[in-house]
C-alpha cells in the first residue's frame, strides 16, 4: 500500500495528478458496489486466493449476478458455500459449476493445483459429521491443498483411530471434526505434532445442545496445538488449514 | 415390609395388640428426630450399608451429635464426606476418626473387608482431579471394595492411558474422573467392557465453566455403558460403583 | 490381547512369520471399512454383545449395506435404534426385521434369552415418556434381560408409585425415566437398594428446556446410587443396565 | 380512592379548597422521602401489614433512620430481613430488636397474634435449607400465622416425609423448601390439597448451579397447585403464604 | 386415611376380615390401570375437584378411553388441556364436549357454579397472551370461580392499566400473564393486596428466549405477594388461583 | 395533564360540572377498548407520532378493525410491523396500504416529511441483515427522518467501511445492524461522534445462538455512545433514532 | 480529515513537503504511546469531550502517568471511572482530584457548565442502585448536563413513581437504572416521550443472575424509545445521554 | 514408531531378545510415574519442544520434584505456566528460574533462539489484556519465535490499530487478544493474510460473562483465517502460533 501511496504522491509532486484526484485515489475503495453486495476484487491480492461467496441468505439471482461480475473481473475460480440444491439448479442454467450435495458446495472454474507445504488430514468422529468434513476438504482442495480423508474414526473405538496413526503423523495440519462429546480433537492433538483445527458439529441430541457440548469440549482440550472454529464451520477450518499449509515468512 | 405388617396384623387378630397401638406401629417411622436432622436407622437394612453424613452445611456440634446417636444405635462405621479440616479437629476431640485431607473424608470405625464381585478402577485425567478421585476411592473402600488407582492418565497423552490397558481390562467397574474436556470417559468406555461411571470435575478455567464442559462431554459420550454423576460428586460415583460391584439377583 | 501378541511374536521367533507380516498383524485393525462406515467385528468379543446401528443420519441404503456385511460376518442379531418408519419399510424389502413404532427400534434376528443376574425395571413418570422407555426396555431385552415395565407412576401421585413398591424392590437395576421435573429418579433412588439409571426426557414445555430441567434434577439427586445418561438416551440406559445385570468379576 | 376524590371535589365545589390545592392533593404521594429511601406509610393500610425493611445494601445508619421514622409514624412492629449480625449489633445500640442468626432476621416490636384461616407448614429437604426456612417461618409468624416446621424430610428418604403426612394434611398452605433436585415440592404437591409455595435454595454443588436446578425442577412440577418464588426467597414465600392464609373476599 | 385404617383394623380384630385381605386393603391403590395410564379416582376426594387430562402427547383414542372410564366412575365434569382441534373433532364423535380454540381446552360436562371466596382477575400484557389467559380463565371457571378478564393492559401504556384499578382492587387473586419483559406482575403486585400468580408467556422475539426473560423478570419481582408458575402454564395458574380462592382452614 | 386537570377543577368550582362527572373525567381512560385490544388515541399527543400496530400475533381481521377505528379517529398514517404477505393481501382488500416485502412493513397513509435535526445512517454488516435494516429505515422515514442506507460494510473488509467515513461522519444518529460477531457497532462507535443504536440480528449459525453472540458483543462495546435494542428489533432502533433526531428541550 | 489531507497534498504539490514526509503525515497517528497505553489526544476534537480513564485494571502509577501526560497536552478536565479508594489516595498525592465514594469516580479539573438541550433525569428502582446511578449522573454532569436525580422510585410502589410524573415529563433524556426485574425502564418508557437509556444493575439475588434478569427485561421492553447499555454501565449511559442531549445536525 | 517396532521384531527374530522382553518393550510406556504425575519424556521428540508444567493445582514440592526429574533426563529448558509468586519463591530456593509477574510464567534454563519461518505479532485490545498477552508472548519466545508486541490497539480507536498496519502485515501469525466485545480478531483477520489465533479474555464486567461474550464474538468472526483458543489461554495461543510458525512438510 505504501508503494501505491508514494507513487500517487510522486505524481502530485510532478503535477501529473491534481490534488483532488489524488485525494480521491487515496480514498478510493477497491471494490465494486452492486447494490446488494460490495464485492472485493482486491482480496485476491491481499489474501492470495479467489473470492468466496457465502450462499446462505442470498437469492440465486444475487449469486448469479455476483458470479458474472467476478468472471468479468477475471476471477478464475469461485467457491460458493452453503448453496442449496435448488439454487444450484437455477445458477447452473447461467453458469458452469460443479456441485457437491453432501457439503452443499458449488465451484465455478478449476480447483488450484496442490502447492502447499504438506498434506491436510480431515478426520471425523462419525458418519454424520461427513457433510461438514466435505465442506472443509473441498475448501482446502479449492485453495490448493492435498487432502486425506479419515472418516468415522471416533474415540469410542480407539483402535480404529490408532490404525491410522501413520496417516495422522504424515499431516501438516489436521482438521478434527466431531459432534457429541468432541473428544476427537484432544486425542488427535495428543498423537500428532502439527496444528489441529477442531470443528464442533451440531450432530447429536439431548444435552449436545446443537454442538455446544462438542464446542466446549474442544475449547477445553488438554492437548496443546489445538484451536477451534465455529460449530459446523467446515469452510473456516479448511481456509485456516490452507493458510497454515501455505505459510511463508512475511518479510 | 410385608412380613412386618402381617405380623402386626396377626397380633391384632390374636388380641395381643390394641388397634390403636397397631395403627401407631404401622405408621411409626424408623428414624430418630434430633431437631436439626432425621437420622435413618433402617437404611442400613434397606440399602445394605452404613449411614453416611454429608458434612457440608452442618456444624461440628451437629456432626458430633449425629455420630453419638449412630454409635448408640450400633452403627459400626460411619463415613463423613466434605468434612473441613477444622471440623475434623473439633470432632476428633470427642470421637475417634481417621481423616484424609485430599478428599476431606472422615471415617469413624473400620472399613469393610472387600467383598465385591471384582475390582473398581478409579482413573483421573490429571493430577488436579485427585481430590475427587480420592473421595470416590475411599467411599468405595469404605463400602467393601478393592480399588485400583490410575491417576494422571488423560487422553492428551494417549500412550500413558494405553499402557494401563491391562489394569483397565481387569476392572469390574471403572470410575473415570476428568475436568477440562472430559474425554477420558469416552476413551475408557471404548476400551473396556464393564460399566463406566463418569465424574466431571470443576477443574479448569475459561470455558470449562466449573465442570459444565466436562459434564456435557461425558453425557454425550459416544461410547456405550457410560453414565454420569454430578460435577465433583466423587462420593456418588464410589457409592454407585460399589452397588454395581455388589450386584446380586433381588429375587 | 496379550496372548495374541505373544503368539505372533512366537511365530516370528520360529520364523513362521516375517517381520513385516508380524508388524502388519500387530497393527491390523479388526474392522471393515465400507467407505461411509468403519464396522467393528471385534466389539462382539470385546464387549460381549451384538453390534448396534445408530439409525439417525444414515440412509436406508447405508443401513442395508451395514446389515448385509454384518450377516455375512455371522452376526446373529442386530439392533437398529432411531430408525424412522420410512427407512424401516425400505430396509424390510431386503432384510427380515421386526419394528417397534413407539421406540423406533428395528431388530434383525432373535432376541437373546434372558441370562442376567436379575430383573430390570423400567419406570416412567408419565405416558409421554413411553417412547424413550420402550427404547430402554427393548434394548435391555435384546441384550438378554428380563424387563418389567412400570409406566405412568410419576411422583405427583405418590400412592401410584408406592403401590408398586414390591415390584421396584424386586429389581436388580431400575431405569427411571421422566421429563418435567425429573423427581422420579430421586424418589425411586430412596426406595430401592439397587443401582438406578436415570434418563431425562425432552417431554415438557416452558422452562423444561427440552429435558434440561429433568437432567439437572437427576444429576442433583440427593439419593445415593443414581447415575444419569443423556436426555432421551433410552438406548444408553438399557445398555448400561444390561451391563450391570450381567456383572461378573473380571479376573 | 373514589371517596377521597369525591370529597376533594366537594370541597372545591364548596369553595373550601382552592383549585391549586385540590390539584396538589389529587396528586400528593402518601410517603415520606428521607433522601436515601421513600418510605411508604400507606402500605400498612393498603396491604394490611407492617412495613418490611430489606436489610441488604443498606447501612446500619440508614436502617436506624428508617426505623426511627417508622416508630414516629406509629408503626408498631417492623421486620428487617437479610440483616447481618454486625448491623444488628449497631442497630441494637439505638433500638430494641430481637434477632435470629440463622435467618438473619431482626424484629422490632411484637409479633402479631395468629389470626389466619389455618396453619402454615414449612418443610425442608435437608438441614442446610434451614436458614431459608427460618426466614419463611419467621416472616409468616410476624404476619400473624401459626407455623409448623418440618425440617429435613427430603424425598430420598421417602418414609420420613410420609410419616408426617398428617401434619402436611393439616396445613392451609405448605412452603416447600429444597435445594439440589428440588423434588420436595412435587411430592408434597401430590400429597396435599392446599396451595404449595416452592422455594428453591442455592444449597448444593456441581450442576445445582446455585439453585437453578431446584428452580427448574419446581417450575416443572407435575403436581397441580404449586407456584414458585425466587431462589432463597424465604421472605417472599412467607409473605405469599400469609396472604393466602388471610384470604377474604374483596367485595 | 386414619379412620379407614382404624376401621380395617377393627374388622381384623373382630374376625370379619382375614389378615391377608386386610393387608391387601391397606395396600390397595385407589386408581385404575388402563395400560397406558394410571387413572386416579381418589383425587376427586383428596383434592376436591374433577380430574384433568393433559391432552398433549396422548392420542385421541387414549383420551376417549380415559373419558369413558371416568364417566363410568361417575366423574361429572372433565377438563382436557392442550387439546388440538384435530383430536377434539375425533373425540366429539364419541363424547359430548365443548371446545375453546384459543386455549385449546375441551370440557366434558358442566362447569361448577362459582363458590369461591371472591373473584379471580386474569390480566394480560398484550393481545398475544390471550390464549394462555383463556387457559387460565377457563380452568378457574371449571373449578368454580367467578373470573374477570382484563386483556391488553401492559405496562408500556400505564394509564390503560391504571384505569382498571378498581377492578384489580376487587380481586381475591390476580393472575398476571405477560411475555416480553414481564413487568405486569410487579406493577400489579404493587397495586393490589391479594396474592398474584404470575405466568410468563413464550410470546416475543429476540432476547425474550421463549419466555425466559419474562420468567426471570417475574421471579425477581420486587413486589411482595407474587409467585410464579411455568412458562405458558395457564392451567397451573388457574388451578392455583382456584385453590387459594377456596381456602379454608384444614383442621 | 395538569392544565386539563386544572380546567376540570375550574369547571367544578364554577358549577359547570357536577362532582360525579368531574370524577369520571379525571379517571376516564383516553383509549378505546375493542375487545381484543385497547387502542390508545392519546399516545399521538403524548409521544408525538402516529400509532404503530405490531402485526405478529394479530389476525388480519383484528388488524383491519384497528385500522378502521384509527382512521375514524383521524389518524392520518399508520405503520404496521411484522406483517406477513398473506395478511397484507387480506388487509389491502379493505384499506389502501403500501407494503415492503423485505421488512414486512405495511404503511397506511403518507410518510411524514423529514423534519429531524439531521440524517440517520443505517449500516449493516452483511446482506443478510438487510430485512432488519429496512425495518429500521422505513420506521425512521415514517416518523419524519432522512435516512442514508449503507449496507454490507462489515468489519472483516475494513476498507469498505472506511470508504464511507464521510457518510458516517455526516450522521446525527447511526443505526448499526449486524449478526455474527456484531463488531460493527464498536468500530462505528469509535469512528463517529454521534449516538449509535446497535441492533443485533439473528443471522448466523453455530455459536451465534440466534443473535446472542452479536447482542453480547454489542453490549460489551468498548466504544462510548453505543446503546443496544433487542435482537432483530429494527423497529425499536428506528423509533429510538427518530426520537433522538427530533430532540428538543422539554422545558 | 479531508481538509488536512488536501492541505498536505497542496504542500507536496508546492514542493513544501517531501513525498516521504507527506506519506508519513498521512499515516501518522494522533496519539501518544506510553508503553502500557495508547493515549488519544484527538478524541477531544473528534468526539467533543475530554478523555476518560477506565480505572479498573490499571495501577495507580499507570493512572498518574496518564493524567500527567494529559495535563501536559492541555487536557483541562479528566474523568476517572471505577477508581478504587486506595488508588484515589495514591493518585491524590500527585494530582489534585475530587472523588465520589459511591460511584468510585475521580475528577481532575472542573466540570463543564451545563450546555445541553435540556435536562437528564436519572431514576433508580431502589436504594442499592445508587452507586451505578451516581456514576451515570456524575458522568453526565462532567460532560456538561443538568441532572435531576430520582432515586428509589421502583415499580412495586407505583404511586411513588407517578408522584414524580412532572419531573419525568420535563426530561430530555431519562436514564432508568434498576436491578431485580428491571421493569422501571418499561414503565418510564410508557410515560415519557423522550429517549430512555436503560441500565440493568447486578443488584439482586437468586435468579437475578447478577443483572441478567434485568438486562433481558429491559431488552424486551414493550415501550418504544428504550435502548440498553451493559449491566452496571452507568458511565456508558451517562455518556450516551449527554451525546443525545447535545444533539445537533451534523451537516 | 514403525522403525522401533521393526527393530524389536528383528531382534526377536535373531534371538537377541526374548519374546517376553519384546512384548514388554512393545508395550513399555516412555514416561516416568512419580506418584502424583506421569511425566512424558518422549513428547520432546514427538512434538519437537521442551516439556511444559501447568503450575496451577500443583504444590511447589510437586513442581520442584518434576523439574528435578526433567533436568536429570536432560531437559534443557522448562516452561512453567500459571505459577503463583509464592510458589515461584519456594521453587527458586532449589532451582534457578526466571519469573514474569504479569503472566505468572517461570522459565528454567534458556529460551530457544528464534528459528521460525517469520514473526509472531501479539496484539491486545486494552491494557488489561496484557497478562494474557505476556503468557502468549513468552510461550512463543520460549519455543523459538521472534515476537512483536502491539498492546492497547482496540477497535474503538480504529486509527490506533490502523497506524500499526505495517507491523500487522509483517506477521507470519497474529495472536489477537481481547476481552469485552472481542472485535479485535475480526478486524485484524480482515486486514492481514496470515492465520490469526484469537484469545478471548475474562476482562470486563456485566454481560461480558467472564469472557463468554468475547469468545462468542471471536467464534462468529466473519473474517476467514481466524481460529480460537479457550478464554485466557495465552499459553495455548502461543503454542499454536509457534507450531504454525515452524511448519514444515511432514513427509
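Letters are used for the chains, namely A, B, C, D, E, F, G and H, taken in the order the chains are written, and counting of residues starts over at 1 for each.
We take it that contacts are C-beta pairs under 8 Å (C-beta built on N, C-alpha and C of every residue); 3 or more make two chains touch, one makes a residue touch a chain.
Keep in mind that this is a model prediction, so the values were computed, not measured.
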{"item": "Chain pair with more C-beta contacts, B-C versus D-F", "value": "B-C"}
{"item": "CA centroid of subunit C to CA centroid of subunit G, Å", "value": "59"}
{"item": "Averaged-CA centre spacing for the pair subunit G and subunit E, given as whole angstrom", "value": "49"}
{"item": "Approximate Å spacing (C-alpha centroids) for the pair subunit C, subunit F", "value": "54"}
{"item": "Residue list for subunit E, restricted to those that touch at least two other chains", "value": "2, 126, 157, 206-208, 212, 215, 219-220, 224, 230-231"}
{"item": "Contact pairs between chains, per stated definition", "value": "A-B, A-C, A-F, A-G, A-H, B-C, B-D, B-E, B-H, C-D, C-E, C-H, D-E, D-F, D-G, E-F, E-G, F-G, F-H, G-H"}
{"item": "Parts of subunit B lying in touch with subunit H, wherever the complex brings them together", "value": "126-128, 130, 151-153, 157, 159-160, 162-163, 203, 205-208"}
{"item": "Of subunit E, residues touching subunit D in the complex", "value": "1-2, 46-48, 52, 117-119, 165-166, 169-172, 193-195, 197, 215, 219-220, 224-231, 235-237, 239-240, 243-245, 247-251"}
{"item": "Subunit B partner contacts - residues on subunit A that touch it in the complex", "value": "125-126, 154-158, 180-183, 186-187, 189-191, 204, 206-209, 212-214, 216-224"}
{"item": "Subunit H-touching residues of subunit C, taken from the complex the two chains share", "value": "2, 5-6, 9-10, 12-13, 15, 19-20, 22-23, 26"}
{"item": "Residues of subunit B that touch subunit D when the two form their complex", "value": "27-31, 36-38, 40, 42-43, 56-58, 62, 200, 202, 211-212, 215, 230-233"}
